[in-house]
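Across the two complexes that follow, subunit A remains constant while its partner is subunit B and subsequently subunit C.
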Partner chain A sequence: MSDAIVVERLVKRFPALIPGRAARIAVDGLDLRVQEGRVTGLLGPNGSGKTTTINVLLGLTKPTSGRATVFGRDVWRESLGIRSRVAYVPAERTVFDWMQVGKFIGGVTSLSKRWDSEYADRLIRRWEIDKRASMGQLSTGARTRVLLVAALARRPDILLLDEPTTGLDPAATDDALSELIGFAADGTTIVLVTHHIEVVDRICDRVTIMSSGHALLTSDLEDMRSSWAVIDVTGPSRPEEMHQWEEVTSATRRDEYTRLIVHANPAAVVDRLRLLGAEIASVHPLTLREVYLGVTPRAADDDLA
Partner chain B sequence: MFHVRPDAGEPIYTQLTRQIRQAVATGVLGRGEQLPSVRQLAADLVINPNTVVRAYRDLEADGVLEGVPGRGWFVTNNRSPRLRDAERKRRLNELIEQLWAEAVSLGYDTEQIADLVAEALSRKAKTGRRA
Partner chain C sequence: MMLKRIIWHDLRWRFLAAAILVGMTAGVIVLGLRLPPRADYVHHLDLAWFNLPGASAVLLPAALIIGSPGTLVRPSRDVAYVMTLPVSRERWVISHIAASFAALALLVIACDILFVVAGWTLDSVLRVGSLTVRSLLLLAAAGAWIPLMVALTALVRRPVIAVPLAFVLLSFTRGNRFRLDIPAEPHAAMLASLDPWAFADPRAWNGSIPVASIATATGMALTGILVALFLIRRRDM
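Up next, the complex of A and B:
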């Protein structure tokens, strides 16, 4: 499968707002590949560079160094050609507050060559969107739905979605996700940025976890579910040393044990640990939440919804 | 009809293949019966379509389902054919993997597990029962 998006050694540095202070490095050597026709989840703590990365892909912010391409085109030099094939749902929901819903959607229509008005009308009816209201009058959930309609009815080749379920109740979330699944079934490439780990768990088939502006890991989700494991070890153990092992993604000391996250061949790791005199407290398969919390140093449970 | 849990620590496609197999085995899905389309089942379960494709293809390799281009997926009509060798081996390896993980959390090491399994199998051979 070919790559729809390729990001290589991307760096984005924002100059310091206050003279004398250090510049802020939002993206710090990011490598990322998004395969065509797949649904890729981008997870990471706040400030890990996810939204800046999306802005670079949309040609809205210029990379400091490194390279990013969409369908082989440079995102900065050829951003106009790219934007016609990429639809975007921004995390920021208040930017169009002054606009009437109908006018907002009308504006998007006029910019899109492939606008599917029949489909847009169907979604507007099903999601009970009032076209005469102004965006600022809508609830967060209703705004999310308007932005989804505006992105989906463009029938794009790539959907970049930044928190596309904000403000939606569980039933409405499932309804919106089912809509996205239809696009995935048609081969649309989808990149989903979110804190809702269970959304990634459900509809993505790839995941990239970011921290401090770079990718900590990228994996096929079904592979993760079948071959990753958590091994809790008590007794003499040196996390720093285990961390060097090829199969070990992370090794962190907890109160009474050391927790290893292993991405391949847990049997071999257990044998090696026993040889070192460690006690195996438990071995169990991993959930995405555990992988996420295990590999992101600064992530806390309350960071996730 | 089907239900999956992404956070169950098991690939979604194996959760799905197990349930479809059960449905076929118990007759809930009859011979020749059509399954939901990939798009429909993925949307109903709110899971990735590629996951459904993977489950259906696996079951096709098993001889449980049959994909008919342009028409969809059906429960095979003939008596389930002998599983392909590679497929049988894959399923056995899955079971071994599960056994291993449980045994390790009970405190056995790989060598002990191998010994106990060999012992149990030789008992079976002696009593003449088929494994």
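Up next, the complex of A and C:
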């Protein structure tokens, strides 16, 4: 399977508006590969560079250095060709507040070569979208549905979705996600930026966790589920030494035990610990949430929903 | 459709301001006309509007106001969304220039309609062909400033800075562009042959084509387009 998106050593630095202040580095040496037809989740704390990365991929923001391509085309120089194959749902829902929903959708239609009117009408009916309402009158959830229609009915090869379930009730979230699963089954490449870990768990087959503008971890979710574990060790242990082990992501001493987060081959780590005389209090596989919190030490719980 | 709507949404207040400025001036001019019966109406309009000084006093400011599009230079969610669709930055810039030119054309047409109606009520001889040619020249002369104004706005990034700055810069150029006599008085003085507004004066066409002025205006418009494209192509949206 070839790569739909390739990002190599990408840097985006925003110059300081006030002289003397330091420039803000939004993306700092990011490497990312998204294979065609796969659903990739981008997770990370606020300010970790996820949205800036999406903006770079859409040609909205010029990379400071590094390389980013979509279907082999440079995202800055050949942006127009890319955008005819990519559809986007922005995280910010307050777009075109002054425009009627029907006119907004009509406007997107006029700029889309592969617009699927029948599918759009079906979604509009099913999601009870009032085409005569002004975008500014809609609730957050209704705006999300309108933006999803505008993206999905373009029948893109790549969907870039920034928080695509914001404001949706559980039933509407299920419905939207089932549409996305349908697109993925048809071979559409999807990149999903979200703080909703359960959404990633449900529809993504690969995840990249970002922090401070770079990727901390990229893994298939299946591999993650089978290879990541938390091991609590009692008795004498030297966390500093364990941290150096290749399989260990972190080793932290707690009151009565030492907690190891392991990203590969937990059984081998357990054997090694036993050989060193440590007692294994518990071993259990990590959920995506635990992995996320494990690799992003500064992540606060309120970053996650 | 999407581009037209978003550009018009941005343009409408500037268009209204320009329309008030131009409409009031044209209205005062026709109200001030006192013509003998069967007089050559276009000749009188030449004195009041088409010769210099004249319409440049209002159409040039109108072009500067209309040609300072905020959406082109201000980061906004709406624009960012549009630019995720297959719309090139070149098309985005050219659409703004074209919309500004169309808005200016509307004002010139509205003035013409006003002049035609006034001529009819004054029982004067109206030569529609002459009026049309003169208006087209006026539109071309004023329209040539629009790309330059768009480029200036793209450079300073704020219409509220770009418009006064353009007036200040223009005040240093030769030619009394912002003078309008009501009632009109004949003026012998004409603009220099290289002046981009000179070709709009019907007297400049007596016996020869004002090539130098046309070339200056064309060069000015092309420079404006190229600079605006250069600036917007490099900018984060």
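Of note:
Here is the rule we use: the second predicted complex is superposed on the first by the 286 of 305 C-alpha atoms of A that agree within 3 Å, B and C clash if a C-alpha of one lies under 4 Å from a C-alpha of the other, contacts with A are read in each partner's own complex, and residues count from 1 in each chain.
Please note the rule applied: a residue touches a chain if its C-beta (ideal position, glycine included) is under 8 Å from a C-beta of that chain, and two chains touch if they have at least 3 such contacts.
Quantities reported herein were computed from a predicted structural model and do not represent experimental measurements.
Overlay on subunit A: subunit B and subunit C fit together in the combined arrangement.
In the superposed pair of complexes, A:G235 makes contact with neither subunit B nor subunit C. Judged by the touch definition given at the top, the superposed model places A:P15 against neither subunit B nor subunit C.
Set against each other, subunit B and subunit C differ in how many residues of subunit A they touch, and the higher count belongs to B.
Within the superposed three-chain model, A:L177 lies in touch with subunit B and out of touch with subunit C [touch as defined at top]. In the superposition on chain A, A:S112 makes contact with subunit C only, not with subunit B. Within the superposed three-chain model, A:V39 lies in touch with subunit B and out of touch with subunit C [touch as defined at top]. In the superposition on chain A, A:G72 contacts neither subunit B nor subunit C. Contact with neither subunit B nor subunit C is seen for A:G136 once the two complexes are overlaid on the shared chain.
With chain A used for the fit, subunit A forms the apex of an angle whose arms reach the C-alpha centres of subunit B and subunit C; rounded to a multiple of 10, it measures 150°.
The gap separating subunit B from subunit C at its narrowest, counted between C-alpha atoms of the superposed chains, is 27 angstrom. Residues common to the contacts of subunit A with subunit B and with subunit C across the two structures: none. Only residues 38-39, 174, 177-178, 181-182, 184-185, 198, 201-205, 221-222, 225-226, 229, 266-267, 270-271, 274, 280, 282-289 of subunit A touch subunit B when the two sit together in their complex. Partner subunit A is touched in their complex by these residues of subunit C: 1-2, 5-6, 9, 77-78, 80-81, 83-88, 234, 236-237.
Residues 6-14, 38-39, 42-44, 46-51, 54, 100-101, 104-105, 107, 109-110 of subunit B touch subunit A in their complex. Residues of subunit A that touch subunit C in their complex: 55, 58-62, 80, 83-84, 86, 88, 90, 92, 94-96, 98-99, 103, 106-108, 110-113.
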